[in-house]
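Each chain carries a letter (A, B, C and D) given by its place in the written order, and its residues are counted from 1.
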């Protein structure tokens, strides 16, 4: 009956499985986008869905992102639950008017009468050697748009659990898929991902006492690595994976920072005007007197995403994270 | 010779005058947009330009924002200096792909060979009783896009001076015009605005010793008012008008905060993921040991812009600003 | 067979065997806009329908006048009148079945009201107490769409969804001449044609987009000619001829309902008043043009026909006028009442459940309002 | 008279006096794609041109093969081959004068090279050392555009600007069948027609947008039929017939240069290889379709014509082949050298002057690189 592997091993497979299970459970779930049908998507994340559920449930659309999202809005108005794929982060931009003026606002505009249960899947971020317009980190735009949920998994299990939750949500969810983790297998959570993971809860991926790394999506594995490397310097770092940028889990994040007294926000998106500013500001507002040092940020530089041969200089890596940790005014310690 | 008043009194008139003077000085300056010609724009900011310079220099375009910005890119490629009007903030969204993928990146993509000297005028913000989609504060999107300058005047003189600088800039400038200040006359700088104001410099609008209000655009007059009102509470507030969000004037802002030891960021845009996060975070990074309290933010709520009859509850007003100032942990003072 | 499979399996073939997918000839609009009133076709028109149209047209015009008057009294923030375009507005509403959907543009309050939405709820947006004032599901009317042409893909998606579900539903979407220049217009029409979705697109070509005349908007022979580029029929109709608009739209709705796919209808009409009460039309057009069009007034055209055929006498005119006055008086009275507003509503409908952040902000506003009330109490 | 005034003062007129702005008939494409090779028209074709086209086609195919080979060796990140479409690529470049501009889509490296851009610089984007690898002003070639159809409004704006300045410049913009579905396609064509800008739009209809076949992209009789909806002529041409593509594009360029406005040309062709080296075309199409199209190969078609007319013999074929091999060998050799890269370049071209923030970040990277170098030095 199923053309999808029963035991997903990669994040891409977990995402496929989440859509498959959602489609099997609820006939109103429809997948649509460029090349999602016969081809199974350029990342093969929708592989097998058209075959199993037919072209009416998993549809290759014309090449027009505003049209894709705009028609999905209409479908949602009629009671369907469209799951839209934007082929790459930068190719979601043509759909921004639909997203900002309708998707994010329809429930509000109609006093709750017309909610839009829509999931918008956006492969995002760099590190895959992609040419220009294929590696943007666009989460700042989504975060600044009230009415959207913004979710991003960093593990195979979360990829499944959060996508199920996103599809089940009665609100629009921008579901950001870290491209470079598509083929990652879970180091720390390899079991079959069948649990739905509620949206809005951060998780402590690694406990530590010295300082907190606050991160999400593609930077989670980098922070885990940094935390390992930090042991050599005598730092015991805690790593918080936000998972949901909207709603933001102040509780989990602040509990960690109050414990450690120091924090670094890490993300790949440009620093200026990026998510880190919001995160650092709200943590500081809430934990000021627990802070031994200002919350620092390690982020991509403030420039258009670089070409493949230079991207390693742009992306926050272990060294840059450890440098930031080193600047957390440890002298105050003694 | 000129159909424009010689002594501008309102911000709208100063803007008109800036375009007029730029067009007279440089034949490559072209104004374009919806209704900018015969009608002179829905806010009359381009009034008289088509008459004085002809329809080829001040052009009514078809109704298509991506087309307007996209053709302006082509015109800039050929050496013109287009000044594009987006009729309202929310109607710039259809042009976001052109803005994000081309306007912001063209210089970078071509290693500096193909700069785009473009000005994109966007009337923004609320407080004018506008119906939905007419009162958005979209500056967070622009700030998160490297390659754009983002500028916003709060006074008549700056409206003139900054717009002249924007048009003269060899880089794309998003020029945000606070709608509700269009008809404002300058309380504190009434002389004829003929000085070009370099982009990237904040200005201290009011000196004070107790705390710094960091603000821009439509919130500047509100902060000035709050600073006056604060005297009754015994607070002597400094008001910094950023004028330029990109580049950001860390120097002026941090000098003020180091002096006062306390700061509140005030803007109309939604708080979460809005400009205030960036501002608070970078001020904290730079002035941590001078801060008596966390940098607080007074912003619009995190919701789609409200209908006219409710907007006063949304907009940061004097009381809300004073409340925030009151929470700056003055007990530490004694 | 699934909806998607019905499209057939067209594959490109090398030029020797090339042939167009569809015959373009039947897709092209006629050279002249279709007319009924004052032509032989009028004789075949249903008298009941004509009388109904007439009554609605008169009521529509009165509604426009009343709403414009309300802007002067500060009861409406702004009103974009459709005076001169009532034939399109009314026909668009009347051709639909209960189960069908209407997707209006911002100027189409009349169509919304003619479809059955409460006249006051239809004005909520423009009064400013909330955005969309009516429940879209009650009369199957999508929110009045301010961002131009953005409602068109919604109509396509909804119609497509209905078809997927096996429901016999048609969507009619309205847009202005200016709106046809937007990318969303293009994408919507293309999706509709590829999906063979049951949608009717009604373009009201009223000559202007605010101040911009048609000649600066398009160089096309007509806007209806755009249809052939999507592979759907284009129809041109005299937009001031209510009987003609009704017939052309009815045909298109029937065609869509029968699985024939979308149609693009261009109605040639004219915006007799300024863009909105806040606009000054003398800045961009002369009186004589307006006068010419007033000679081709939709109400007068229909009245002439009805009178000539003995379907309407002075008493009939008076009854219709009275009904319109009653509607206007009621509207006036209800609009003169201040709407009940709860600022807490701001936080109610951002998400199904407010986020923790919104709950905090709600409490902040509640406290502020309480403090305000205290202060006001103290001052009394 | 200004450019804007030339558009005339069209105003809407009431239906009794209604007439289309332009006669739609001449705008419609012919029923069959225009062909030259193998028809009587071939006799009139300039032998020199045919020989030049042939040499460029062969070189183009060799370039595609070499570039694809380079992806296998990891010298290119990715390569979208235009094999099978060389006639369009080459003709697009050859019809332009020096002063004209070419606006390529991401697949059009061949056209870029045929226009004179250094073959290695044309591959910079795909090699990954920078984005656009050439100076757009050197050969008047806009950057290869990855976001589909977004380059079309640029071409319109540039052509319009040139006309405003009184320059005799034409812009030719390329886009795929998939790209025609984007809103930017619509807006660009509309602006071009309204402004009567000297632009030629060349749609290469190669049957697919990655995996999506034309039938899921459009229901139009042909993509050229879209032209009438903008009021510009649409032309249909056999995209594998280099002589025909060259003639149709030349006509359109001449028309534009003479002030006649834009033209939409649809060339029917086929993408013989997969979307890119990373794509697996067997997932969405069968071999037999590819084989059919190989029978209509652009190089074979032209070779047949040239041979039949005695314009090409075995030695001639061999010379052309040799030239192509020389080009390929040179490309291979140069692409096998690692490009010189300076990470500091990251900060050089974000703005005319780096912002204070970028200066800080540049110093940060400089320090990191110095530390890295130290460490490497220490390890040695």
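As a convention for this text, contacts are C-beta pairs under 8 Å (C-beta built on N, C-alpha and C of every residue); 3 or more make two chains touch, one makes a residue touch a chain.
Just so it is clear, the model here is predicted, and its values are computed rather than measured.
> Which pair wins on C-beta contacts, B-D or B-C?
B-D
> Look at all chain centres (mean of CA atoms) and spot the one farthest from the centre of chain B.
Relative to chain B, the chain with the farthest C-alpha centre is D.
> Please work out the Cα centroid separation of chain A and chain C, and write it as a whole number of Å.
39
> Counting in whole Å, what is the centre-to-centre distance of chain B and chain C, each centre being its mean C-alpha position?
That pair's centroid distance is 35 Å.
> Return the distance between the CA-based centres of chain A and chain B, expressed in whole Å.
31
> What positions in chain D touch 2 or more of the other chains?
130-131, 147, 181-184, 186-187, 190, 194, 216-218, 345, 350, 355, 357
> Going by the touch rule set out above, which residues of chain B reach two or more other chains?
Residues 61-62, 64, 66-67, 90, 93-94, 97, 101, 105, 108-109, 132-133, 146-147, 246, 248, 272, 302-304 of chain B touch two or more partner chains.
> Please give the residue numbers of chain A that touch chain B in the complex, ascending.
66, 90, 93-94, 96-97, 100-101, 104-105, 108-109, 132-133, 140-141, 143-147, 246, 248, 269-270, 272-282, 284-285, 288, 291, 293-297, 302-304
> Can you list the residues on chain A that touch chain C in the complex?
30, 54-56, 59, 61-62, 64, 66-67, 69-80, 82, 94, 97-98, 101-102, 105-115, 146-147, 149, 169-171, 200, 246-248, 250-251
> Show me the residue ranges of chain D that touch chain C in the complex, using the header's touch definition.
7-16, 18, 20-24, 27-28, 31-33, 35, 181-187, 190, 193-194, 196, 205-207, 213-222, 225-232, 238, 240-241, 261, 268, 270, 289, 292-293, 295-296
> Would you pull the chain D residues touching chain B in the complex into a rising list?
Within the complex, chain D touches chain B at residues 2-5, 130-132, 135-137, 142-143, 147, 150, 152-162, 164-165, 171, 183-184, 186-188, 190-191, 194, 345, 348-352, 355-357.
> Considering the complex alone, what residue numbers of chain B touch chain C?
34-35, 37-40, 42, 60-67, 90-91, 93-94, 129-134, 272, 301-304, 306-310, 313-314, 319-320, 323
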